[in-house]
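Structure, as C-alpha coordinates:
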Amino acid sequence: MSGEVEARLRAAGIELPDAPAPAANYVPYVISGNQVFVSGQVPWAGGERGHIGRLGEDLSVEQGQAAAKVVALNIIAQVKAACGGDLDRVARCVKLGGFVNCTPDFKEHPQVINGASDLMVEVFGDAGRHARFAVGAAALPFNVAVEIDAVFELN
Amino acid sequence: MSGEVEARLRAAGIELPDAPAPAANYVPYVISGNQVFVSGQVPWAGGERGHIGRLGEDLSVEQGQAAAKVVALNIIAQVKAACGGDLDRVARCVKLGGFVNCTPDFKEHPQVINGASDLMVEVFGDAGRHARFAVGAAALPFNVAVEIDAVFELN
Amino acid sequence: MSGEVEARLRAAGIELPDAPAPAANYVPYVISGNQVFVSGQVPWAGGERGHIGRLGEDLSVEQGQAAAKVVALNIIAQVKAACGGDLDRVARCVKLGGFVNCTPDFKEHPQVINGASDLMVEVFGDAGRHARFAVGAAALPFNVAVEIDAVFELN
(Lines give C-alpha, C1' and ligand atoms only; values in the text may rest on other atoms or scores of the structure.)
Protein backbone atom coordinates (compact mmCIF):
# COMPACT_ATOMS: atom_id res chain seq x y z
CA MET A 1 0.00 0.00 0.00
CA SER A 2 3.06 2.26 0.08
CA GLY A 3 2.60 5.51 -1.83
CA GLU A 4 -1.18 5.20 -1.97
CA VAL A 5 -1.81 8.88 -1.21
CA GLU A 6 0.95 9.99 -3.58
CA ALA A 7 -0.65 7.86 -6.31
CA ARG A 8 -3.96 9.56 -5.65
CA LEU A 9 -2.28 12.97 -5.90
CA ARG A 10 -0.74 12.00 -9.25
CA ALA A 11 -4.03 10.60 -10.55
CA ALA A 12 -5.72 13.90 -9.68
CA GLY A 13 -2.93 15.88 -11.31
CA ILE A 14 -2.11 17.57 -8.01
CA GLU A 15 1.44 18.69 -7.36
CA LEU A 16 2.18 19.64 -3.77
CA PRO A 17 3.97 22.96 -3.23
CA ASP A 18 7.09 23.15 -1.12
CA ALA A 19 6.06 23.36 2.52
CA PRO A 20 5.97 27.13 3.14
CA ALA A 21 8.17 28.67 5.81
CA PRO A 22 6.32 30.53 8.57
CA ALA A 23 6.02 34.33 8.35
CA ALA A 24 7.28 34.82 11.90
CA ASN A 25 8.87 33.26 14.96
CA TYR A 26 7.01 29.96 15.11
CA VAL A 27 7.14 26.59 13.35
CA PRO A 28 4.94 25.21 10.56
CA TYR A 29 3.85 22.18 12.60
CA VAL A 30 4.28 20.50 15.97
CA ILE A 31 3.87 16.78 16.63
CA SER A 32 2.23 16.00 20.00
CA GLY A 33 1.71 12.31 20.62
CA ASN A 34 0.19 11.02 17.38
CA GLN A 35 -1.37 14.38 16.51
CA VAL A 36 0.15 16.98 14.19
CA PHE A 37 -0.85 20.59 14.78
CA VAL A 38 -0.35 22.58 11.56
CA SER A 39 0.06 26.36 11.79
CA GLY A 40 -2.43 28.56 9.99
CA GLN A 41 -1.59 28.42 6.29
CA VAL A 42 -2.22 31.13 3.70
CA PRO A 43 -3.01 30.72 -0.01
CA TRP A 44 0.48 31.34 -1.33
CA ALA A 45 2.42 28.65 -3.16
CA GLY A 46 5.55 28.59 -5.28
CA GLY A 47 6.43 32.22 -4.73
CA GLU A 48 3.12 33.44 -6.11
CA ARG A 49 1.35 35.85 -3.75
CA GLY A 50 -2.21 35.84 -5.01
CA HIS A 51 -5.66 35.26 -3.49
CA ILE A 52 -5.64 38.72 -1.92
CA GLY A 53 -8.85 40.43 -0.87
CA ARG A 54 -12.10 40.10 1.01
CA LEU A 55 -15.09 37.92 0.29
CA GLY A 56 -18.26 39.96 -0.17
CA GLU A 57 -16.27 42.82 -1.67
CA ASP A 58 -13.24 41.91 -3.78
CA LEU A 59 -13.64 38.19 -4.40
CA SER A 60 -16.39 35.79 -5.49
CA VAL A 61 -17.24 32.60 -3.62
CA GLU A 62 -15.51 30.67 -6.43
CA GLN A 63 -12.35 32.74 -5.96
CA GLY A 64 -12.55 32.08 -2.23
CA GLN A 65 -12.83 28.35 -2.88
CA ALA A 66 -9.75 28.50 -5.11
CA ALA A 67 -7.87 30.24 -2.28
CA ALA A 68 -9.01 27.61 0.21
CA LYS A 69 -7.76 24.86 -2.12
CA VAL A 70 -4.27 26.40 -2.24
CA VAL A 71 -4.33 26.70 1.56
CA ALA A 72 -5.22 23.00 1.76
CA LEU A 73 -2.32 22.10 -0.54
CA ASN A 74 0.00 23.96 1.81
CA ILE A 75 -1.48 22.13 4.81
CA ILE A 76 -0.88 18.77 3.08
CA ALA A 77 2.66 19.83 2.22
CA GLN A 78 3.29 20.56 5.92
CA VAL A 79 1.78 17.23 6.95
CA LYS A 80 4.00 15.48 4.42
CA ALA A 81 7.04 17.10 6.04
CA ALA A 82 5.74 16.05 9.47
CA CYS A 83 5.41 12.46 8.16
CA GLY A 84 9.00 12.39 6.91
CA GLY A 85 7.62 12.38 3.37
CA ASP A 86 5.25 9.42 3.72
CA LEU A 87 1.65 10.68 3.47
CA ASP A 88 0.39 7.11 3.91
CA ARG A 89 1.12 7.61 7.61
CA VAL A 90 -1.93 9.95 7.81
CA ALA A 91 -4.59 8.17 9.85
CA ARG A 92 -7.04 11.05 9.75
CA CYS A 93 -7.53 14.69 8.96
CA VAL A 94 -9.05 15.47 12.37
CA LYS A 95 -9.94 19.16 12.17
CA LEU A 96 -9.72 22.26 9.99
CA GLY A 97 -10.13 25.72 11.51
CA GLY A 98 -11.26 27.97 8.65
CA PHE A 99 -11.06 31.78 8.71
CA VAL A 100 -12.54 33.73 5.79
CA ASN A 101 -11.52 37.37 5.25
CA CYS A 102 -14.93 38.93 4.65
CA THR A 103 -17.31 41.82 4.92
CA PRO A 104 -19.86 41.87 7.77
CA ASP A 105 -22.72 40.87 5.45
CA PHE A 106 -20.98 37.78 4.00
CA LYS A 107 -22.73 34.49 4.80
CA GLU A 108 -21.20 31.78 2.61
CA HIS A 109 -18.21 30.73 4.73
CA PRO A 110 -19.06 27.01 4.44
CA GLN A 111 -18.99 27.14 0.64
CA VAL A 112 -15.61 28.92 0.68
CA ILE A 113 -13.97 26.48 3.10
CA ASN A 114 -15.35 23.60 1.02
CA GLY A 115 -12.48 24.37 -1.35
CA ALA A 116 -10.21 22.91 1.35
CA SER A 117 -12.58 20.22 2.65
CA ASP A 118 -13.20 18.77 -0.80
CA LEU A 119 -9.46 18.50 -1.44
CA MET A 120 -8.88 16.62 1.83
CA VAL A 121 -11.43 13.99 0.84
CA GLU A 122 -10.05 13.84 -2.72
CA VAL A 123 -6.52 13.24 -1.43
CA PHE A 124 -7.08 11.10 1.66
CA GLY A 125 -10.43 9.43 0.94
CA ASP A 126 -12.45 8.65 4.08
CA ALA A 127 -9.41 9.53 6.21
CA GLY A 128 -9.79 13.06 4.86
CA ARG A 129 -13.26 13.56 6.35
CA HIS A 130 -12.78 16.05 9.17
CA ALA A 131 -14.43 18.20 11.80
CA ARG A 132 -14.14 21.91 11.10
CA PHE A 133 -15.32 25.41 11.77
CA ALA A 134 -15.79 28.14 9.15
CA VAL A 135 -16.04 31.72 10.42
CA GLY A 136 -15.48 35.28 9.27
CA ALA A 137 -12.31 37.17 10.20
CA ALA A 138 -12.25 40.97 10.42
CA ALA A 139 -8.93 40.86 8.55
CA LEU A 140 -6.18 38.38 7.77
CA PRO A 141 -2.39 38.66 7.45
CA PHE A 142 -1.30 40.32 4.18
CA ASN A 143 -5.04 40.67 3.36
CA VAL A 144 -5.18 37.05 2.11
CA ALA A 145 -8.65 35.66 1.45
CA VAL A 146 -8.46 32.54 3.64
CA GLU A 147 -6.36 31.16 6.53
CA ILE A 148 -6.81 27.60 7.81
CA ASP A 149 -5.07 25.66 10.56
CA ALA A 150 -5.35 21.90 11.05
CA VAL A 151 -4.98 18.89 13.31
CA PHE A 152 -4.06 15.53 11.78
CA GLU A 153 -3.63 12.10 13.36
CA LEU A 154 -0.68 9.95 12.21
CA ASN A 155 -0.08 6.20 12.36
CA MET B 1 -24.45 4.96 37.34
CA SER B 2 -25.77 4.25 33.85
CA GLY B 3 -27.86 7.07 32.41
CA GLU B 4 -26.66 9.66 34.93
CA VAL B 5 -26.29 12.45 32.37
CA GLU B 6 -29.58 11.55 30.69
CA ALA B 7 -31.27 11.72 34.11
CA ARG B 8 -29.79 15.18 34.63
CA LEU B 9 -31.08 16.25 31.21
CA ARG B 10 -34.57 15.02 32.12
CA ALA B 11 -34.47 16.69 35.54
CA ALA B 12 -33.57 19.98 33.87
CA GLY B 13 -36.32 19.56 31.30
CA ILE B 14 -33.78 19.56 28.48
CA GLU B 15 -34.54 17.62 25.32
CA LEU B 16 -31.60 17.13 22.99
CA PRO B 17 -32.20 17.96 19.33
CA ASP B 18 -31.30 15.50 16.60
CA ALA B 19 -27.60 15.81 15.87
CA PRO B 20 -27.55 18.30 12.97
CA ALA B 21 -26.04 17.29 9.64
CA PRO B 22 -23.13 19.47 8.48
CA ALA B 23 -23.79 22.23 5.95
CA ALA B 24 -20.97 21.11 3.68
CA ASN B 25 -18.41 18.42 2.84
CA TYR B 26 -17.17 17.53 6.32
CA VAL B 27 -18.37 15.49 9.28
CA PRO B 28 -20.02 16.60 12.53
CA TYR B 29 -17.31 15.06 14.71
CA VAL B 30 -14.07 13.10 14.55
CA ILE B 31 -12.77 10.80 17.29
CA SER B 32 -8.96 10.95 17.71
CA GLY B 33 -7.67 8.75 20.51
CA ASN B 34 -9.99 9.49 23.42
CA GLN B 35 -10.77 13.01 22.19
CA VAL B 36 -13.81 14.02 20.17
CA PHE B 37 -13.46 17.07 17.95
CA VAL B 38 -16.92 18.54 17.27
CA SER B 39 -17.42 20.73 14.19
CA GLY B 40 -18.57 24.30 14.69
CA GLN B 41 -22.27 24.17 15.50
CA VAL B 42 -24.87 26.85 14.78
CA PRO B 43 -28.01 27.72 16.78
CA TRP B 44 -30.49 25.81 14.68
CA ALA B 45 -32.45 22.89 16.07
CA GLY B 46 -35.46 20.89 14.95
CA GLY B 47 -35.82 22.61 11.62
CA GLU B 48 -36.14 26.04 13.18
CA ARG B 49 -33.70 28.56 11.68
CA GLY B 50 -33.67 31.37 14.23
CA HIS B 51 -31.00 33.23 16.20
CA ILE B 52 -30.08 35.29 13.14
CA GLY B 53 -28.28 38.60 13.47
CA ARG B 54 -25.37 40.45 15.04
CA LEU B 55 -24.72 41.28 18.67
CA GLY B 56 -24.41 45.01 19.24
CA GLU B 57 -26.88 45.72 16.45
CA ASP B 58 -29.72 43.23 15.99
CA LEU B 59 -29.62 41.12 19.15
CA SER B 60 -29.34 41.70 22.90
CA VAL B 61 -26.85 39.88 25.12
CA GLU B 62 -29.75 37.79 26.43
CA GLN B 63 -30.68 36.81 22.87
CA GLY B 64 -27.05 35.93 22.23
CA GLN B 65 -27.01 33.72 25.33
CA ALA B 66 -30.15 31.94 24.13
CA ALA B 67 -28.42 31.29 20.79
CA ALA B 68 -25.31 29.97 22.58
CA LYS B 69 -27.49 27.59 24.59
CA VAL B 70 -29.01 26.11 21.43
CA VAL B 71 -25.51 25.75 19.98
CA ALA B 72 -24.46 23.90 23.14
CA LEU B 73 -27.44 21.54 22.82
CA ASN B 74 -26.32 20.72 19.29
CA ILE B 75 -22.76 20.11 20.52
CA ILE B 76 -24.06 17.71 23.18
CA ALA B 77 -26.22 15.96 20.56
CA GLN B 78 -23.10 15.42 18.43
CA VAL B 79 -21.13 14.13 21.42
CA LYS B 80 -23.99 11.73 22.20
CA ALA B 81 -23.74 10.36 18.67
CA ALA B 82 -19.95 10.06 19.08
CA CYS B 83 -20.53 8.11 22.34
CA GLY B 84 -22.89 5.65 20.65
CA GLY B 85 -25.70 7.21 22.65
CA ASP B 86 -24.14 6.90 26.12
CA LEU B 87 -23.36 10.39 27.43
CA ASP B 88 -21.99 8.86 30.64
CA ARG B 89 -18.87 8.10 28.61
CA VAL B 90 -18.02 11.83 28.66
CA ALA B 91 -14.95 12.25 30.85
CA ARG B 92 -14.65 15.98 30.27
CA CYS B 93 -15.77 18.89 28.17
CA VAL B 94 -12.20 19.97 27.38
CA LYS B 95 -12.63 23.12 25.29
CA LEU B 96 -15.19 25.38 23.63
CA GLY B 97 -14.15 27.76 20.84
CA GLY B 98 -16.76 30.52 20.84
CA PHE B 99 -17.33 32.91 17.92
CA VAL B 100 -19.83 35.75 18.35
CA ASN B 101 -21.21 37.53 15.27
CA CYS B 102 -20.87 41.16 16.38
CA THR B 103 -20.24 44.78 15.62
CA PRO B 104 -16.74 46.23 16.16
CA ASP B 105 -17.79 47.97 19.38
CA PHE B 106 -19.27 44.88 21.06
CA LYS B 107 -17.45 43.84 24.25
CA GLU B 108 -19.60 41.25 26.03
CA HIS B 109 -18.48 38.04 24.30
CA PRO B 110 -17.93 36.21 27.62
CA GLN B 111 -21.51 36.84 28.73
CA VAL B 112 -22.86 35.56 25.40
CA ILE B 113 -20.80 32.37 25.38
CA ASN B 114 -21.83 31.76 29.01
CA GLY B 115 -25.12 30.57 27.53
CA ALA B 116 -23.17 27.52 26.34
CA SER B 117 -20.75 27.24 29.27
CA ASP B 118 -23.53 27.25 31.84
CA LEU B 119 -25.34 24.46 30.02
CA MET B 120 -22.23 22.28 29.95
CA VAL B 121 -21.91 22.51 33.74
CA GLU B 122 -25.65 21.97 34.20
CA VAL B 123 -25.55 18.80 32.09
CA PHE B 124 -22.16 17.29 32.96
CA GLY B 125 -21.46 18.73 36.42
CA ASP B 126 -17.74 19.19 37.15
CA ALA B 127 -16.91 17.23 33.98
CA GLY B 128 -18.59 20.08 32.09
CA ARG B 129 -16.10 22.71 33.29
CA HIS B 130 -14.00 23.57 30.25
CA ALA B 131 -11.31 25.80 28.80
CA ARG B 132 -12.62 28.18 26.17
CA PHE B 133 -12.13 31.28 24.10
CA ALA B 134 -14.80 33.86 23.26
CA VAL B 135 -14.06 36.23 20.39
CA GLY B 136 -15.85 38.39 17.84
CA ALA B 137 -16.32 37.20 14.26
CA ALA B 138 -16.70 39.67 11.37
CA ALA B 139 -19.55 37.47 10.09
CA LEU B 140 -20.82 33.92 10.51
CA PRO B 141 -22.43 31.40 8.14
CA PHE B 142 -26.09 32.24 7.37
CA ASN B 143 -25.66 35.31 9.62
CA VAL B 144 -26.23 33.20 12.76
CA ALA B 145 -25.46 34.90 16.06
CA VAL B 146 -23.04 32.33 17.49
CA GLU B 147 -20.85 29.44 16.29
CA ILE B 148 -18.98 27.18 18.72
CA ASP B 149 -16.72 24.18 18.18
CA ALA B 150 -15.62 21.80 20.92
CA VAL B 151 -13.19 19.16 22.14
CA PHE B 152 -14.41 16.48 24.55
CA GLU B 153 -12.60 13.62 26.25
CA LEU B 154 -14.33 10.23 26.44
CA ASN B 155 -13.85 7.27 28.75
CA MET C 1 17.76 20.29 35.95
CA SER C 2 15.06 21.28 38.42
CA GLY C 3 13.99 24.90 38.11
CA GLU C 4 15.54 25.36 34.69
CA VAL C 5 12.63 27.36 33.27
CA GLU C 6 12.31 29.42 36.46
CA ALA C 7 16.04 30.23 36.21
CA ARG C 8 15.51 31.38 32.64
CA LEU C 9 12.62 33.58 33.75
CA ARG C 10 14.81 35.16 36.44
CA ALA C 11 17.71 35.65 34.04
CA ALA C 12 15.37 37.47 31.65
CA GLY C 13 13.96 39.58 34.48
CA ILE C 14 10.48 38.18 33.88
CA GLU C 15 8.08 37.93 36.80
CA LEU C 16 4.99 35.83 36.15
CA PRO C 17 1.67 37.39 37.13
CA ASP C 18 -0.80 35.51 39.30
CA ALA C 19 -2.76 33.14 37.10
CA PRO C 20 -5.84 35.22 36.21
CA ALA C 21 -9.30 33.98 37.15
CA PRO C 22 -11.69 33.50 34.22
CA ALA C 23 -14.23 36.23 33.45
CA ALA C 24 -17.13 33.78 33.34
CA ASN C 25 -18.36 30.26 34.01
CA TYR C 26 -15.41 28.22 32.77
CA VAL C 27 -11.95 27.25 34.00
CA PRO C 28 -8.54 28.68 33.08
CA TYR C 29 -7.19 25.34 31.86
CA VAL C 30 -8.12 21.69 31.40
CA ILE C 31 -5.68 18.79 31.38
CA SER C 32 -6.58 16.05 28.85
CA GLY C 33 -4.09 13.21 28.74
CA ASN C 34 -0.71 14.94 28.61
CA GLN C 35 -2.11 18.05 26.93
CA VAL C 36 -3.12 21.25 28.70
CA PHE C 37 -5.75 23.39 27.01
CA VAL C 38 -5.45 26.99 28.24
CA SER C 39 -8.47 29.29 27.97
CA GLY C 40 -8.15 32.45 25.89
CA GLN C 41 -6.12 34.92 27.93
CA VAL C 42 -6.33 38.71 27.78
CA PRO C 43 -3.53 41.25 28.36
CA TRP C 44 -4.38 42.11 31.96
CA ALA C 45 -1.99 41.37 34.78
CA GLY C 46 -1.73 42.39 38.41
CA GLY C 47 -4.98 44.31 38.48
CA GLU C 48 -3.92 46.60 35.65
CA ARG C 49 -6.51 46.75 32.85
CA GLY C 50 -4.56 48.20 29.95
CA HIS C 51 -3.89 47.22 26.34
CA ILE C 52 -7.35 48.39 25.30
CA GLY C 53 -8.12 49.25 21.69
CA ARG C 54 -7.92 48.14 18.09
CA LEU C 55 -4.90 47.65 15.88
CA GLY C 56 -5.04 49.82 12.78
CA GLU C 57 -6.91 52.54 14.68
CA ASP C 58 -5.99 53.01 18.35
CA LEU C 59 -2.78 51.03 18.76
CA SER C 60 0.54 50.64 16.94
CA VAL C 61 2.03 47.26 16.02
CA GLU C 62 4.54 47.76 18.87
CA GLN C 63 1.69 48.34 21.32
CA GLY C 64 -0.01 45.21 20.00
CA GLN C 65 3.19 43.23 20.54
CA ALA C 66 3.39 44.50 24.12
CA ALA C 67 -0.19 43.33 24.66
CA ALA C 68 0.62 39.91 23.17
CA LYS C 69 3.57 39.59 25.55
CA VAL C 70 1.36 40.18 28.60
CA VAL C 71 -1.12 37.62 27.23
CA ALA C 72 1.75 35.13 26.90
CA LEU C 73 2.80 35.77 30.51
CA ASN C 74 -0.74 34.96 31.61
CA ILE C 75 -0.70 31.77 29.52
CA ILE C 76 2.57 30.71 31.16
CA ALA C 77 1.13 31.51 34.60
CA GLN C 78 -1.83 29.21 33.84
CA VAL C 79 0.48 26.46 32.59
CA LYS C 80 2.54 26.80 35.78
CA ALA C 81 -0.64 26.25 37.81
CA ALA C 82 -1.49 23.23 35.63
CA CYS C 83 2.01 21.84 36.32
CA GLY C 84 1.61 22.18 40.08
CA GLY C 85 4.19 24.95 39.98
CA ASP C 86 6.94 23.07 38.11
CA LEU C 87 7.37 24.63 34.65
CA ASP C 88 10.13 22.12 33.88
CA ARG C 89 7.30 19.64 33.25
CA VAL C 90 6.51 21.52 29.99
CA ALA C 91 7.47 19.23 27.12
CA ARG C 92 6.27 21.59 24.42
CA CYS C 93 4.25 24.68 23.66
CA VAL C 94 2.16 22.93 21.00
CA LYS C 95 -0.10 25.68 19.66
CA LEU C 96 -1.13 29.31 20.10
CA GLY C 97 -4.42 30.59 18.68
CA GLY C 98 -3.96 34.33 18.23
CA PHE C 99 -6.82 36.80 17.78
CA VAL C 100 -6.00 40.45 17.08
CA ASN C 101 -8.68 43.12 17.63
CA CYS C 102 -8.30 45.12 14.42
CA THR C 103 -9.77 47.22 11.66
CA PRO C 104 -10.65 45.53 8.33
CA ASP C 105 -7.56 46.97 6.62
CA PHE C 106 -5.03 45.71 9.20
CA LYS C 107 -2.54 43.19 7.80
CA GLU C 108 0.23 42.75 10.38
CA HIS C 109 -1.28 40.07 12.62
CA PRO C 110 1.88 37.92 12.54
CA GLN C 111 4.04 40.77 13.84
CA VAL C 112 1.59 41.43 16.69
CA ILE C 113 1.35 37.79 17.79
CA ASN C 114 5.17 37.58 17.63
CA GLY C 115 5.06 39.39 20.98
CA ALA C 116 3.75 36.12 22.43
CA SER C 117 5.70 33.73 20.20
CA ASP C 118 9.03 35.34 21.01
CA LEU C 119 8.36 35.08 24.74
CA MET C 120 7.57 31.36 24.47
CA VAL C 121 10.94 30.70 22.85
CA GLU C 122 12.71 32.98 25.35
CA VAL C 123 11.19 31.12 28.31
CA PHE C 124 11.07 27.51 27.08
CA GLY C 125 13.86 27.41 24.47
CA ASP C 126 13.22 24.93 21.66
CA ALA C 127 10.27 23.51 23.64
CA GLY C 128 8.66 26.92 23.19
CA ARG C 129 8.57 26.69 19.39
CA HIS C 130 4.91 26.20 18.49
CA ALA C 131 2.33 25.97 15.75
CA ARG C 132 -0.04 28.92 15.66
CA PHE C 133 -2.59 30.96 13.80
CA ALA C 134 -2.85 34.76 13.81
CA VAL C 135 -6.13 36.27 12.59
CA GLY C 136 -8.21 39.40 12.95
CA ALA C 137 -11.21 39.51 15.28
CA ALA C 138 -14.12 41.89 14.68
CA ALA C 139 -14.05 42.69 18.40
CA LEU C 140 -12.70 41.17 21.62
CA PRO C 141 -13.99 41.04 25.21
CA PHE C 142 -13.60 44.36 27.05
CA ASN C 143 -12.11 45.76 23.79
CA VAL C 144 -8.69 44.27 24.63
CA ALA C 145 -6.11 44.34 21.85
CA VAL C 146 -5.22 40.63 21.79
CA GLU C 147 -6.65 37.30 22.97
CA ILE C 148 -4.67 34.04 22.70
CA ASP C 149 -5.50 30.48 23.70
CA ALA C 150 -2.96 27.66 23.87
CA VAL C 151 -2.26 23.93 23.93
CA PHE C 152 0.80 22.66 25.82
CA GLU C 153 2.20 19.16 26.24
CA LEU C 154 3.46 18.12 29.68
CA ASN C 155 5.89 15.42 30.77
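By letter and in written order, the chains are A, B and C; residue numbering begins at 1 in each of them.
Please note the rule applied: contacts are C-beta pairs under 8 Å (C-beta built on N, C-alpha and C of every residue); 3 or more make two chains touch, one makes a residue touch a chain.
Note that this is a predicted model, so its numbers are computed, not measured.
Comparing the contact residues of chain A and chain C by number shows a mostly separate set, under half of all numbers used being common to the two copies. Summary of the copy comparison: rotating chain B onto chain C for the best CA superposition needs 120 degrees, to the nearest 5. Work out the mean CA point of chain A and of chain C, and you get 25 Å between them. Each of residues 33, 97, 103-104, 136-139 in chain C touches at least two other chains.
Within the complex formed with chain C, the chain B residues making contact are 33-35, 56, 92, 94-97, 102-111, 113-114, 117-118, 121, 129-139, 151, 153. Interface residues of chain A, counted against chain C in their complex, comprise 23-30, 32-33, 37-40, 54, 97, 99, 101, 103-104, 136-143, 147, 149.
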